[in-house]
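Presented below are the structures under discussion, each in the form of structure tokens.
Here come two complexes built around chain A, the first alongside chain B, the second alongside chain C.
Here is the complex of A and B:
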């Protein structure tokens, strides 16, 4: 199986001179078509920056990103966004407060010259389990879970092949998180989508992804499969620490 | 076990255009020198409960109770002067995000010393010594630097430790921690909890730990109150959480993804209207 997304030795540096911050330092990963790939790490580990670099939202200072075998250009071309879309962490911040759901969903369609927008908007809302009655609401009239569903609908309305998920449930309550994860799982099975999902929660990534990478200080610490994670076959101390921490509080020092 | 804090029928009401809205509806519990967890999802009234215990219900909200007693003091009729002596002195609160609850234009050291100056008299040198000792107690490796640092110069975990140091330096009897570790990374989270745990055990404090994370609360506290729509729907020992009776508690437990088992789709909660009654 050839890799759909191929990232080779990616470096991302912000700023220049003595204040330069190397957010990502040499990350290499391959994601096959239809696969679900997770990136886990703590804040500042550079996991979100990797996603943003794929989208062209963060500058690539070294290395290359290939999609379907061809290297991506900067700035990204319009057809890139037809194939790759992103869902952001905070649904309270990522939706325009003064645009209705209809406007949020129609705008990408207008940009990419889609016809029968009306039907597509309604279909997208139905697909994420909201229904057409939500079409003319504003974000403040929706709950957190509903907003995140709108954000997923917005990403999916262009029928992309790859979905980049940046902590899609960390701003949501546990019971709502379960609903959104189920939705993402169902959409992937139905449409054969490829996911790259970033999260700080090992359990969420283990549930959603076949393979995952653990990141720390901008570097990949370890790459392992879901099976290896379940078997606790982590080879580095850092991954083991994360595994212990994900079980909750323990009295004795680990 | 003598009760440190007794709460009976606590109600918090906010006026809205549609008439008064009761966000906490008759919460009762007693607290000894133990770790009590309050768990619930957003809007369940858990944070408002914590704030009301310190008389910090934001106006125009009002808190009423049949009984609200801290160590024999009736908090309902406490004067502003009594409140000032209690808050920060005998009962204090750690908030969620150190970024918003530390004074950005004051060094950490001055903020800790201010707390000491407010509650009791001591010399400057003595205050500094106590502040430094406290910073060491919350396992800050370089207390000298942190003492002189401004909040923006610290990481989230450091800031939260400094906040805990400030709240504990007056040696309170009761600490209310409102999501003290939610803004922190998992590994840092465990360290901060260890510090809290040690301090509660060594000093015999009472701790109210408010969180949305049932798994964390269950592993950290002795007893758990589960809140839903302003009410305590279930109270149980943390060790017996897997024997929870209420469907809401069970739902909260089940809907979390687990590393070891692959339930797909995840069980979701069907909220019964009768839970909110």
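Here is the complex of A and C:
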């Protein structure tokens, strides 16, 4: 398997000395081109930190991250940001409160020296299901779902190959969640994107991802395929607990 | 259809069609909020009046502010219709001097704001954004400046450079930026690790672009509020330096110097010190009202 993203024995430690917190302890994973990979786990299991380490927002204290066969430098080079982008969890916190949608979308184009900005901004808005009428609005004039669409448009405007999704729907209403997930699904098929998605919601991951990894206390517990998840063929106790928990939740809810 | 849209609807549209409309609409909303605050409007009226009076001083002032009238008959006249605020010991019309003095006051206020605000913003946001040793160095420098009492440092500065209104302005500007730097740094620290700053970092933006385009706009409102509220203090410091003879030099009609000149007559000819004192009081109050109003409008944390 030729891996687009190859993480080997990743450790992330925040702080130093006796106060140091080991958020991630030796995670290894491979994501192939065009694959959708899920990371699940409870709060504090280090799943978001893995994403942040990939894009350089969290420090890699040990191990290595390879993208397309070459190891990532720290700080990341400019072309890294054109290949990997991220969608954040909370759309209310990920858009600058004083910038219009237009500014949010044109700025990455300006940074990377694109010339046809007007057309690209309009196209990006159309691609995520927002019309050009949204272009000059401020975030406070948008709903949560619309904001997350803008965030997706921002992540895709540089045409990256890999999209890191940090619980992209957990801050949204159930009905909006489905809309955004379908949008992400459609974009992936259309563009052949590679997704790495973090979630605590097994149903979301089962819907979106081909393979997934279960994390606990900063370590990988086990790796499953979608089929195994659906067949509830987990090999470790912890995954079985997670499955039971989500199953019980589904039953009670329906 | 669009032709029937009133200007107000165009400004308040939820679907602006251009950058300009979005920006103007945002400004108009701020203005509406400010207009709803009567004290802020009083403050704004006072400040606008100050600007207009300063601009039209030559038209408004009935007499020459420097050359007085007949020293035998027109000295220290009480307020009357010919001399609205009376005359001083050199037979100069006090009203005309106040009108011309507004230019000096406005110049002091404007120059201090123009010099001190950018320095404070730059130092504060840089220190806050980078953290580490940059933060330590910049903030210790700020602490050193903060440790000096403003008037004393201004005094020392003026004493070194020589008295005069320009040196007084420089002295006040140098002593007034540290609080803005502190404020900007505190704001930057809360902004620095938010997702929208992380997002622009992930777009590959350099620190200069992030600080200037993303951090500064969010610090600006609280710094503007603080500067407006400090204006009263700046006017008073300028007047204080003038009073001590270290600011504007006679015969310039600076309000503080006018009070100093009139204090010999404070018992018998009250108007000589009262009128400039009143002017200082009203303008300081105007800036304070305006600053309070701006805080209600611009500072999201103070909003109900």
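In the analysis below, the second predicted complex is superposed on the first by the 246 of 254 C-alpha atoms of A that agree within 3 Å, B and C clash if a C-alpha of one lies under 4 Å from a C-alpha of the other, contacts with A are read in each partner's own complex, and residues count from 1 in each chain.
Just so it is clear, a residue touches a chain if its C-beta (ideal position, glycine included) is under 8 Å from a C-beta of that chain, and two chains touch if they have at least 3 such contacts.
No experiment lies behind these values; they were computed from the predicted model shown.
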item: Superposition on chain A - do chain B and chain C clash or fit; value: fit
item: Partner chain(s) touched by A:112 [first = chain B, second = chain C, both, neither]; value: second
item: First, second, both or neither for A:90, with chain B first and chain C second; value: second
item: Touching partner for A:102 - first (chain B), second (chain C), both, neither; value: second
item: Partner chain(s) touched by A:57 [first = chain B, second = chain C, both, neither]; value: second
item: Angular separation of chain B and chain C about chain A, which is computed from CA centres of the superposed model and rounded to the nearest 10 °; value: 80
item: Lowest C-alpha to C-alpha distance for chain C against chain B (Å); value: 12
item: Contact residues common to both interfaces of chain A (with chain B and with chain C); value: none
item: In the complex, chain A residues that touch chain B; value: 42-43, 144, 173-175, 177-179, 181-182, 185-186, 200, 202-204, 206-208, 229-230, 241-251, 253-254
item: In the complex with chain C, residue positions of chain A that touch it; value: 55, 57, 78, 80-82, 85-86, 88-90, 93-100, 102, 107-108, 111-112, 133-134, 136-138, 141, 151, 154, 158
item: Chain B residues touching chain A - in the complex, by the definition given at the top; value: 41-42, 156, 185-190, 193-194, 197, 212-216, 218-220, 251-252, 255-260, 262, 264-269
item: Footprint of chain A on chain C - complex, ascending; value: 14-19, 21-22, 26, 194-196, 198-205, 209, 213-214, 217-218
